[in-house]
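First chain A sits with chain B, and in the next complex the same chain sits with chain C.
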Partner chain A sequence: MGIDAAHYHPWKTNPGGKLGGPLLGAWRGVAAVVRTTLLQLMRRKAYWAIYAVGISQFVVYWVVIYALTQLQLPSGTQRGMLNTFGFSIEAADPQDTGYLDFMEQQSYVVMIMLAFCGSLVVGSDFREGTLPFYLSRRLERRHYILGKLIALVGLIWLFTVLPALILFLEYGMFTTSTDYWRANWRVVPSILGYGTILGVVLALWLAAISAYLQKLAPIAVVWSSLFVLLGRLGFMLSRETGIREWVLLDPWKDLRLAGRLCFGQFRTAGDAQLSATAAWILICVSLVALLALIRRVRAVEVSA
Partner chain B sequence: MRTARAFLTLWLLSFRRLFWSIGTPMLLLPIVACIMFLVRRNYGASDDPVQAFHAFSMFLLTVFASFLVPLCALAFGTAGLGGDREDRTLLFLFIRPLPRGLILLAKYFAALPLVLGFTVGSLWIFCKLAGAPGRAAFDAYLPATLYMSVAYTSLFHLFAALVRHSTVAALIYAVFMEVLLGNVPGIVKRVAVNYYGRSLMYDAGVEHGLNAPDAQWFDPYPPADARTALWAIAIGALVAAWLVFRTREYEEPT
Partner chain C sequence: MEPLVDIRDVSFAYGAVRALTNVSLRLEPGTVGIVGNNGAGKSTLLRILLGLLHPTSGGGTVLGCDVRQSSSQLRGLVGYMPEAHAVVPLLKGVEFVALSGDLYGMPKRDARRRAHEVLNYVGLGELRYRRLDEYSTGNLQRLKLAAALVHDPKLLLLDEPTNGLDPAGRTAMLRTIEDLIAATGKSVILCTHLLADIERICKQVVVMHQGTVARAGTLDALRQHTASRYALRWQGPREPFVAALQAAQVSLDFPPEHAAVPSTEQHALAVVPTGWHTAQFFELAGRSEAVVVELRPEQEDLEQLFFRVTHGN
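Here is the complex of A and B:
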């Protein structure tokens, strides 16, 4: 078999002899890793089953926005719906955080989706020995890590950022002018900002955990312990001891507080005070996860 | 005789593989987190024993019964048969001189002692750490823990026989569906294992000081019926898993 038939050849060089220039070349490998990862995942029926569960929340919010903007609801009902879902009927109400509430409520389904993805897109590369094949191409460790992280961020955005942006578009389209969009233009960068925090933090943590644990069951145990158990323990400690900082044990709470920094809206004054600490916790743990991931991704594993 | 020996060999092999898997130390992490919580909270130091029992029971209801018990069953219940499906090693089991039903039973009985060991063991440790309220709680809540462990293990074996990514199905069920269904008003919560387990725990704990929940949100099932329901789930799920596993042509044997 010729070497071309195996598609094993370097990236095309430019006249200067460099591999495709500074922006192309091996960086195309990042796109290839992203594409392969997404395709690997999206051909699974289980992924679409989880997506169907995740999108049900979006449908609920879609119907709520439709009802709020199009139907003549009794004022009590309308007020109740606004309070429950966090939307405002006024064009420029600073309390309009329904999009953030939606992204927060996607947490459980994002957690389950990521537990499934971790084993499939990162763990399997280590378990089935695919990693040396990736790194034997014109790819370096940073390209592989970046490609996997971008793919995971993309998957998280499919559940959170994209539906939130569609809901924002929907709200504006159901009104009689473009006032809603113009008055609330800050919602878009806020959604993108919160989505970036959510995506980067969760992708880093998941990639690091999956690289070490590799199989689905232990990943699911650790992942759900992180995001369910710590939340419950933190809440109970905070309530029973009166020390509010215990809620920061919950990674979702930290993500929400950091996300609300983007929106500039907090439920209580206490939340505003804790948000900086929450952001620091996320930064520190994410740095540890990144270092652990870099250490784990090696072309050749040397065993004693 | 040869079949019995093959069954015992598979049971022992499966038990060893599950016990020495990475899932075992990972399962210790949430238990250690709970131990740290109990040491910090120190229920035994409370002046009011009734209030201490109530607070410790709430910890057992919301953390132990609702999260740790299903998690232990998930870690071992889906990893037995589900692990072979994910690793595509089912064919190596099918070519052994052992009926499919016995393969399933060997996997089930390999997982069950581990699940029971972790759930009962962690309950014992938690109760020891809780001091005086823990002593009453261990005797009161042990039967509910046993029933729930057996029911979850059977149910997750059914998931493993039915779907390839059974861990995800079990996770959706334990973390998402049970929380959703177990806390809504009406009779829809009767499809959740956790509902029957919590009913047994409430029944056992009320005499020691556990406050009965608001009937509008949680109407406990009669204890005798709850025990029957958990047995029915355990046996029904195992029989259903046996029927599925016996007849199904798996697409991913290797």
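Here is the complex of A and C:
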């Protein structure tokens, strides 16, 4: 029998198909926000173009690792040849070509991609009046913010953590024993730790900036200023005053130092000394971004 | 029967600006219209009824849920159709309605199935796979109605549902809402500037003015309140009859052309005091040698009622 479309039908639930309680309902809501945010992004062709560019370096490394392991060259030769491609499978790599550096390089693309998607993922909710739509359902402010942040973190991981983990798994898988995985298992928590720092910090900052600026052009300008101009300014101040701490004005530098804290690798002793301060700067600025975001969401909830 | 809305002494302030002052309301299940000028407090009241804003003071219940404590539970029982554009860019119609179901806490499968059902019901079955940026204003309003209906709520809060629609679209939207009310018995709170929409759909009316409830009750009862107004036409001398009526505390309002067009027939709008009987018109006319030729209770429409309440006359 076909559906009688002309008349209203009450919701006949499947077994257990009622609206969830506060916890289950909130979880379903957060999952829906994450899903929808990622879906929105993937409907933009430009996103796929940036993703293709962002992932190209990973594809090169993946192919090289595959080829070298299949040639069954001695591991020393394999590692040397990999280094010529600018990558090292060592956990602690003195030439700065390891997983940490791979993630750092990937995060440049992430920055460009985030500048592009902030207006769609967060800005449009404020610009188009979609936020009251979300909040008039069973979603609280914190669930909305959590959903958006998880989606952004997921997106950042797609460019950084996931390729790094795949390369780690690939090399171990194509070698004849599990020695590589056993010897370098600390790489996994290091990748996850650095990925979490990158994800949470960038997601929070982008969400806060996008909530206030909303449109693509201003978001892109402020975002790039934050990472390019502040970096230049910090470098100049450090050079002119001779105070090395000024370099911490550069958020990119702070992220790198915090990442090195996770991997336990520092280029210089000075970097090691600055890394804890860099981590604190990131924590403080991220907290300010979170508070600004909460304040902005509350303002829309009241005035929409 | 449990009241639909039962709030007492609710006040709300945006910083120093008081949006609502000691609002008390008891509304029975059914159809309710909220009218008021811009800044009268309608939207604030709506958001408090939805549990989005918590009153600065006072409290109460909507569908038995405390507006201060149970906002999540309350929103599970209410379907809200916002006035704002409020669509998620790049989604398709069916995805948007299913998202609404997900956000209400429905299981994913149910939300999708239900999205198809309600889109068919509001007449968007054929357009369900179109992107939202391809929808016309009328279709977007229908889509938002579908998104509010997806979890089969007991109460629908409709904020300006006919906003921006052409006459045909407005009629179609009102017909859908009427059909919904008739078929399901759902309660509807309609917030609009279009008084004709409220007159057509609602049984109860709340007139908001400067952050307070100026009048609330059934439309019929509010009109009864104005049954003290009569259109009066008589023949005979004017002055004695007018003097007699004024002496009996009846106030008379003459139409503008009255003085300009001399006529043996007079007419006026009479507002009578409490306890007045229509027979008294004839009695006073008899004494003044006038003949009442027409006496008709003046039926006030919602627009007149609204202006009388908000502007004094």
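Going forward, the second predicted complex is superposed on the first by the 234 of 304 C-alpha atoms of A that agree within 3 Å, B and C clash if a C-alpha of one lies under 4 Å from a C-alpha of the other, contacts with A are read in each partner's own complex, and residues count from 1 in each chain.
Please note the rule applied: contacts are C-beta pairs under 8 Å (C-beta built on N, C-alpha and C of every residue); 3 or more make two chains touch, one makes a residue touch a chain.
These numbers were taken from a predicted model, which means no experiment stands behind them.
**Student:** May I ask you to decide whether A:Met111 touches chain B, chain C, both, or neither, giving the answer as first, second, both or neither?
**Tutor:** first
**Student:** Once chain A of both complexes is superposed, is A:Arg43 in touch with chain B (first), chain C (second), both, or neither?
**Tutor:** second
**Student:** Tell me which partner A:Leu213 touches in the superposition: chain B (first), chain C (second), both or neither.
**Tutor:** Touch partner of A:Leu213: chain B, not chain C.
**Student:** One more residue to check, A:Leu237. First (chain B), second (chain C), both or neither?
**Tutor:** Touch partner of A:Leu237: chain B, not chain C.
**Student:** Tell me the contact category for A:Thr130 with respect to chain B and chain C: first, second, both or neither.
**Tutor:** second
**Student:** Which of the two partners, first being chain B and second being chain C, lies in contact with A:Val222: first, second, both, or neither?
**Tutor:** After superposing on A, A:Val222 lies in contact with chain B but is clear of chain C.
**Student:** Which partner, once the models are overlaid, touches more of chain A's residues, chain C or chain B?
**Tutor:** C
**Student:** Residue by residue on chain A, keep only those touching chain B in one complex and chain C in the other, then list them.
**Tutor:** Correct list for chain A: 44.
**Student:** Across the complex, what residues on chain B touch chain A?
**Tutor:** Interface residues on chain B, with respect to chain A: 21-23, 26-27, 29-30, 33-34, 37, 40-41, 55, 58-59, 62-63, 67-68, 71, 74-75, 78-79, 82-83, 86, 163-165, 167-168, 171-172, 175-176, 179.
**Student:** Please output the residues of chain A touching chain B within their complex, sorted ascending.
**Tutor:** The contact residues of chain A facing chain B are 44, 46, 50, 53, 108-109, 111-112, 115-116, 213-218, 220-222, 224-225, 228-230, 232-233, 236-237, 240-241.
**Student:** Using the touch definition up top, name the residues of chain C that touch chain A in the complex.
**Tutor:** That would be residues 14, 50, 52-53, 72-73, 75-76, 80, 82, 84-91, 95, 99-100, 102-110, 114, 116-117, 120-121, 125, 147, 149, 151-152, 179-180, 183-184 of chain C.
**Student:** What residues on chain A touch chain C, complex-wise?
**Tutor:** 3, 5-11, 13-14, 16-17, 19-20, 22, 24-26, 28-29, 31-33, 35-36, 39-40, 43-44, 120, 124, 128-130, 132-140, 301-304
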